[in-house]
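You will see chain A twice below: alongside chain B first, and alongside chain C after that.
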Partner chain A sequence: MIIDSDVVTLSRVQFALTALYHFLFVPLTLGLVWMLAIMESVYVMTGREVWKRMVQFWGVLFGINFAMGVATGITMEFQFGMNWAYYAHYVGDVFGTPLAIEGLMAFFLEATLVGVFFMGWTRISRVSHLLVTWFLALGTNLSALWILIANAWMQNPVGAKFNPQTMRMEVTSFSDVLFNPVAQAKFVHTVSAGYVVGSMFVLSISAWYLLRGRNVDFAKRSMTVAASFGLAAALSVVVLGDESGYAVSENQKMKMAAIEAMWETEPPPASFTVFGIPDVQNRTTHFALHVPWVMGLIGTRSLDKPIPGINNLVEDTKGKIGDGIQAYDAMLTLRKNPNDAQANATLSQYDGDMGYALLLKRYVADPRQATPADIQKAADSTIPNVPVLFWAFRIMVACGFYFIALFAYAFWLASKRQLDNKRWFLRLALCSLPLPWVAAELGWVVAEYGRQPWAIEGILPTSLGVSSLTAGQVWTSLGGFVLFYTALAVIDATLMAKYARKGPDELGLWPARDIDPAYSTSKA
Partner chain B sequence: MLMSSAGSDHHPPPRRPLRRLSVELILIVLAKIAFLSLIWWIVASHYPRPDTRPAAIEHLLAPSPSTTPEAKP
Partner chain C sequence: MFDITTLRVIWWALLGILLIGFAIMDGFDFGIAALLRVLGRTEHERHVLLETIEPTWEGNQVWFVLGGGASFAAWPILYATAFSGLYLALALVLLAFIVRPVGFNFRNKMHDPRWRAVWDGALIFSGFVVMLISGVAFGNLFLGLPFRYDDDLHMTWQGGFFDLLHPYAILAGLVSIAMLLTHGACWAAYRADQVIAQRAARMARWMALAYAITFVAAGIWLAYGVPGYGVAGPVVTDGVANPLFKQVTVGGSWFASYMMYPWFWLAPALGLLGAVGVQWTVGKLSLTGFLCSSLMVAGTILAAGFALFPFLLPSSLDPHSSLTVWDASSSHGTLLLMLGAVIIFLPIIIIYTAWVYRVMRGRVMLEDVQHSHNNY
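Right, the complex of A and B next:
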């Protein structure tokens, strides 16, 4: 083995764990902050104190989430240097800019506005405070935009070109990076998923108050806001997810084929596999239940464009590896003689495929010496983990449709003023609390695990981006993160549960007399 | 059916039960920074920076006798 696969695997596991952990906090911040803005807008428009108290109470839980999430994102940025030094060098010119802007947005804009939000209630006017809350919501979402622009570039590397003299990717068009269609689709899909998380958080905790007969009026108003915002968000997340899926089918055909466990190219329009058991060994899907046309219509928005299957894509990849070897050879020639016109022409023609030659580095030191067997192995390595992607995607989508049904019913109950009458629904809403997080994390599993074996799609294999560390070092940092983050998770869950259980009444934000007498009587 | 609430917009301002929470959260953030710094100090601080000169990257991508990186960690 040419590359220390333990270091690569451990570094991937470490990054995945820290990223998934970070994204426990991010979507709640993204969603809850808009709900605070909506509630405070109602307070400013109506002048009714209850809406201010709602902002203050949900603001406490927002503050806990924000504080617990602080510094979990910077961990990932440091890992680019610690564990992925060659990745950071190779694409740092492109990747670093949106990352730096995101850092400025997150740390300076967001942190400042969070401070004014909590300290400003008695120091600035109502309208000024409302503006702060709205800018906090905008700033939070803008920082998400920049990190998603950086991530989208890893999925669809546009606006950059390889420079053989510096041996790194360099920006050719920042506007192309900025307006990358994958970034736009990913941004709206991700933030709307965050809005669903925020809505479910408010809906579930409010449902618990209603089940306990506490803070009844407070909880019903909160649920009404959550149901309205949540329904709009759940509908958006599905519609915008379709846009994100279309971007994948345009730019990451192997990921799309793996999500569908589509081994062979079907005559268009391709069917959608609702259920099946992907068999990687035999490259088939057992017990597949197909719905005709659906995948073709979603993935290509046409009736006559095919969605290529995994086996066909592997064959295409072998051709790209051949072209990549030519680019690779030209690159090495240019390293010795930058003025070699023939090598320049060859590199210009094939540089888009040079990354495919780098896939061979797992099997042979010099890709130019690769045998057909090496090329076959490298081509096969472009198939991601099909069963994981297949099921992660389906569970995520099922959750998405469940959220639409749940929020639609909550909205209907709210409009009929019957939110506290259906105890089965309140229990269902409470039990649904973890589901938006499950869906959001699975979405990232599909996006990132589905990109493997690439760190930058078609440009840089993940295994070449890793730092020259020892497995022992990565075990140490991984162990440290697991212990530390587990402790933080316990503290976070304890604090959240403690203050949610206290509620606005015990926190002195709402009169304790806001109780349901029927409940009190029945309990007595 | 409620004993009161919707109409009762006039009630005393909240006490300050959140002061302890604020202190706890600030301490948690400081502890996080300290622990993350500790992990970095144990794992990475003593380690030489990776060699990212073009020649070293060339060596990473295509090892050959003519390009020997000097400070590859």
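Right, the complex of A and C next:
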């Protein structure tokens, strides 16, 4: 087996680009759909027409975004087979299940109901339509749950065991896969990030109407919903982001150390580096500004447990590689003779580390022939890109705290009924529109780029997971995706801007002069 | 009660059900998209055609996504081998699947006729590409695909996109196009305004004829011109899921399984019966014509699946590497768990899908779209 490193790089670039692109649309769907459900609930409970029009107007923007989310999601479902065939074979027994259940339980529900959401207003009763919206929201969020269960298994592969006869990982306990602690932390963190995106979207566009003096009543109500939902979401994203950090420190120590640019193990409790310039060459961090204790508390929830540094982890890895080679050797024996008792014993002792032997395949065809230099190289290759992780994480966290402040202030203004008086705040809200997307994308960079060189942490190196393709084939598809996705992004942005600018007034959903509050209670 | 052999047969059947579900439920959406400018001669007529499928195509498309997910879970090595081997063909199919949601959704968001013409072009492209490539892919299954595994089950593939365009595969592509155009036209006859419906019914009759001719021709060619694959020696149905543990012979007949189980002949018979039914009933512009074309679709896919049995993906490069129902499945635990999920969720899916179709029922009339302010 020869691995073409160009194919690996190109496939990774393609996966990263298509996944990050897909996640431009997903979080907005996740967040906006709950706001539609909230607004429609208010409509059904109060009977006030303005709330229905709010659902319809934000629904138009939701629809444009939903189409893009669906379209780009299809790529994700098939790309594992297309570009990561060995990965798909090696872990499909475990990883395929949550993807399939996502289709059965969630995606079918949301995709089937979305048509009725848009076209069923006059065909079914108010309450039925409200139920459709709630189930639509449930479907989109359940969809995220199953995808994140699959993703969490890549970070923390529990409930599975290697089978030398079929040369793949097989499920031993589905409930371990399902109740993976990483999955729970990730799910809440990710959907909360989506709710922040949805809230910011409504807050910013409404702020723009208020700055223009258009759709005032409409915009203020929308902003109130966005401020309350956004504040709750921003608090949850930070608090549960912390939970996610704790989960990472338990099972992905290298990712944690890289995020912190922590080269050596510090005496506990470790300090948090607010700022610094990580120097990969010399394995040190210049100009580091530390806050004592914080990292130890976040990472270990204790004052006495150490968080291992990068250099120590590399040393540990060498030991795991040695164990992995024994497992690999036993696996080869078992493939010839499945009943070899000695090999069975060795494999069950070390099979958790067999992936570490596979890391050597980048440097030597047969891991059993590896020299100490190969082992050193393989161990060093487990260090992810420290500066990227260090900065991506810090920008993401800074955004998170900013969102709490912004939504808290918006909430306070809304409760004082002062939303349209503070023009500086409206401008700030408008300018903040792209930030939740930045934070969400950086979150994925931390999670997935930080997992490298593993496709499945400790089990399967990314470079081994790739398909038997030529670089030309991947260049063709990558070029196609870039061109096509760019064109779609332009079209999507144009349509979004067009309909946002038109607003409920010009779309005929709401009279241009809606300042008279009496209007909002009349007319069906 | 569910031993591994039983589960493998059940999952083979479920793979067929998902494929048939996709072809019936989404096939007519593709048919309508491909025929958009043939059946819809004016902007209003095209609007009517699109409105017959607009509320439901999104759910229908999930059959395809679920097919991907379920094959990943239940037949991981099949999913891995087929989709990486057919790389550029699948990339083209994905392109069609990506352009479709945005096409449906964005087309009516601007009034400029050039904007609409571009999206119509994209929708027509998506319709034809998916029909053609899925047919060509099926044709290639009978010819065998150029892959082999090493001892690590790492797959290598020797062949490119254009190697797929064997004349037999192209014939299979034509069967698929004729079949799904019939299916789309039958839907239009059932749901679109009378003027369009009459036109669609005429189209459906011609296409059903074209389907019957190409389908029979493909069957005869398969019987006399394409060597069949067979598993050599005793067939182990409950063995290890590793394709390298068996021997395969090439040169038999693809109809061997039909000889072994004569009731398999019902499948192609149903396909042809459906085509006859379309001829008879589509002129009534009722649901019956559409049900006949659905029968046609189901019969055709079953006929192909039965002929292949127990093969899923025959290999021309190294026949012993071929994937069969007996050696390409996931583990017992995964198959059982996934079966449970299907038993729970598939009936629920059918219930709410049926409800949505009921809510959105009724013929879409030209005067409806002339006054509609539908922002979707």
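As a convention for this text, the second predicted complex is superposed on the first by the 508 of 524 C-alpha atoms of A that agree within 3 Å, B and C clash if a C-alpha of one lies under 4 Å from a C-alpha of the other, contacts with A are read in each partner's own complex, and residues count from 1 in each chain.
As a convention for this text, a contact is a pair of C-beta atoms (placed from the backbone, for glycine too) under 8 Å apart; a residue touches a chain by one contact, two chains touch by 3 or more.
These numbers come from a predicted model, not from an experiment.
J.: Quick check on the superposition: with chain A as the shared anchor, is it clash or fit for chain B versus chain C?
T.: They clash: once the shared chain is superposed, the two partners overlap in space.
J.: In the overlaid three-chain picture, which partner chain does A:44 touch, first (chain B) or second (chain C), both, or neither?
T.: It touches nothing on chain B or chain C.
J.: Please work out whether A:218 is in contact with chain B alone, chain C alone, both, or neither, and reply first, second, both or neither.
T.: After superposing on A, A:218 lies in contact with chain B but is clear of chain C.
J.: Please work out whether A:366 is in contact with chain B alone, chain C alone, both, or neither, and reply first, second, both or neither.
T.: In the superposed model, A:366 contacts chain B only, not chain C.
J.: Quick check on the superposed pair: does A:294 touch chain B, chain C, both, or neither? Answer first, second, both or neither.
T.: neither
J.: Does the superposition put A:114 against chain B (first), chain C (second), both, or neither?
T.: second
J.: Could you say whether A:473 touches chain B, chain C, both of them, or neither, answering first, second, both or neither?
T.: Touch partners of A:473: chain B and chain C.
J.: Taking the superposition as given, does A:89 touch the first partner, chain B, the second, chain C, both, or neither?
T.: A:89 sits against chain B and chain C alike.
J.: Now for A:433: first (chain B), second (chain C), both, or neither, which partner does it touch?
T.: Touch partners of A:433: none, neither chain B nor chain C.
J.: Is A:328 touching the first partner chain B, the second partner chain C, both, or neither of them?
T.: first
J.: Is there a shared patch on chain A that both chain B and chain C touch, and which residues make it up?
T.: Overlap of chain B and chain C footprints on chain A: residues 56, 60, 63-64, 67-68, 70-72, 74-75, 78, 82, 85-86, 89, 165-168, 335, 467-469, 473, 476-477, 480, 484, 488, 491, 495, 499, 507-508.
J.: Under the stated contact criterion, what part of chain A meets chain C in this complex?
T.: 1, 56, 59-60, 63-64, 66-68, 70-75, 77-78, 80-83, 85-89, 91-97, 99-105, 107-109, 111-116, 118-120, 123-124, 163, 165-168, 170-172, 174, 335, 467-469, 473, 476-477, 480, 484, 488, 491-492, 495, 498-499, 507-508
J.: So in the complex, which bits of chain A are touching chain B?
T.: Touch list, chain A to chain B: 48-50, 53, 56, 60, 63-64, 67-68, 70-72, 74-75, 78, 82, 85-86, 89-90, 165-168, 216-218, 328, 332, 335, 358, 361, 365-367, 464, 467-469, 473, 476-477, 480-481, 484, 488, 491, 495, 499, 506-511, 513-518.
J.: Tell me, which parts of chain B touch chain A in their complex?
T.: Touching chain A from chain B are residues 1-6, 8-11, 14-15, 17-18, 21, 24-26, 28-29, 32-33, 35-36, 38-40, 42-44, 47, 49-50, 52, 54, 57-58, 60-64, 72-73.
J.: Can you list the chain C residues touching chain A in their complex?
T.: Of all residues in chain C, those touching chain A are 54-59, 61-62, 64-66, 68-74, 76-77, 79-84, 87-88, 90-91, 94-95, 97-102, 104-106, 109-110, 150-157, 240-242, 330-331, 333-334, 337-338, 341-342, 345-346, 349, 352-353, 356, 359-360, 373-376.
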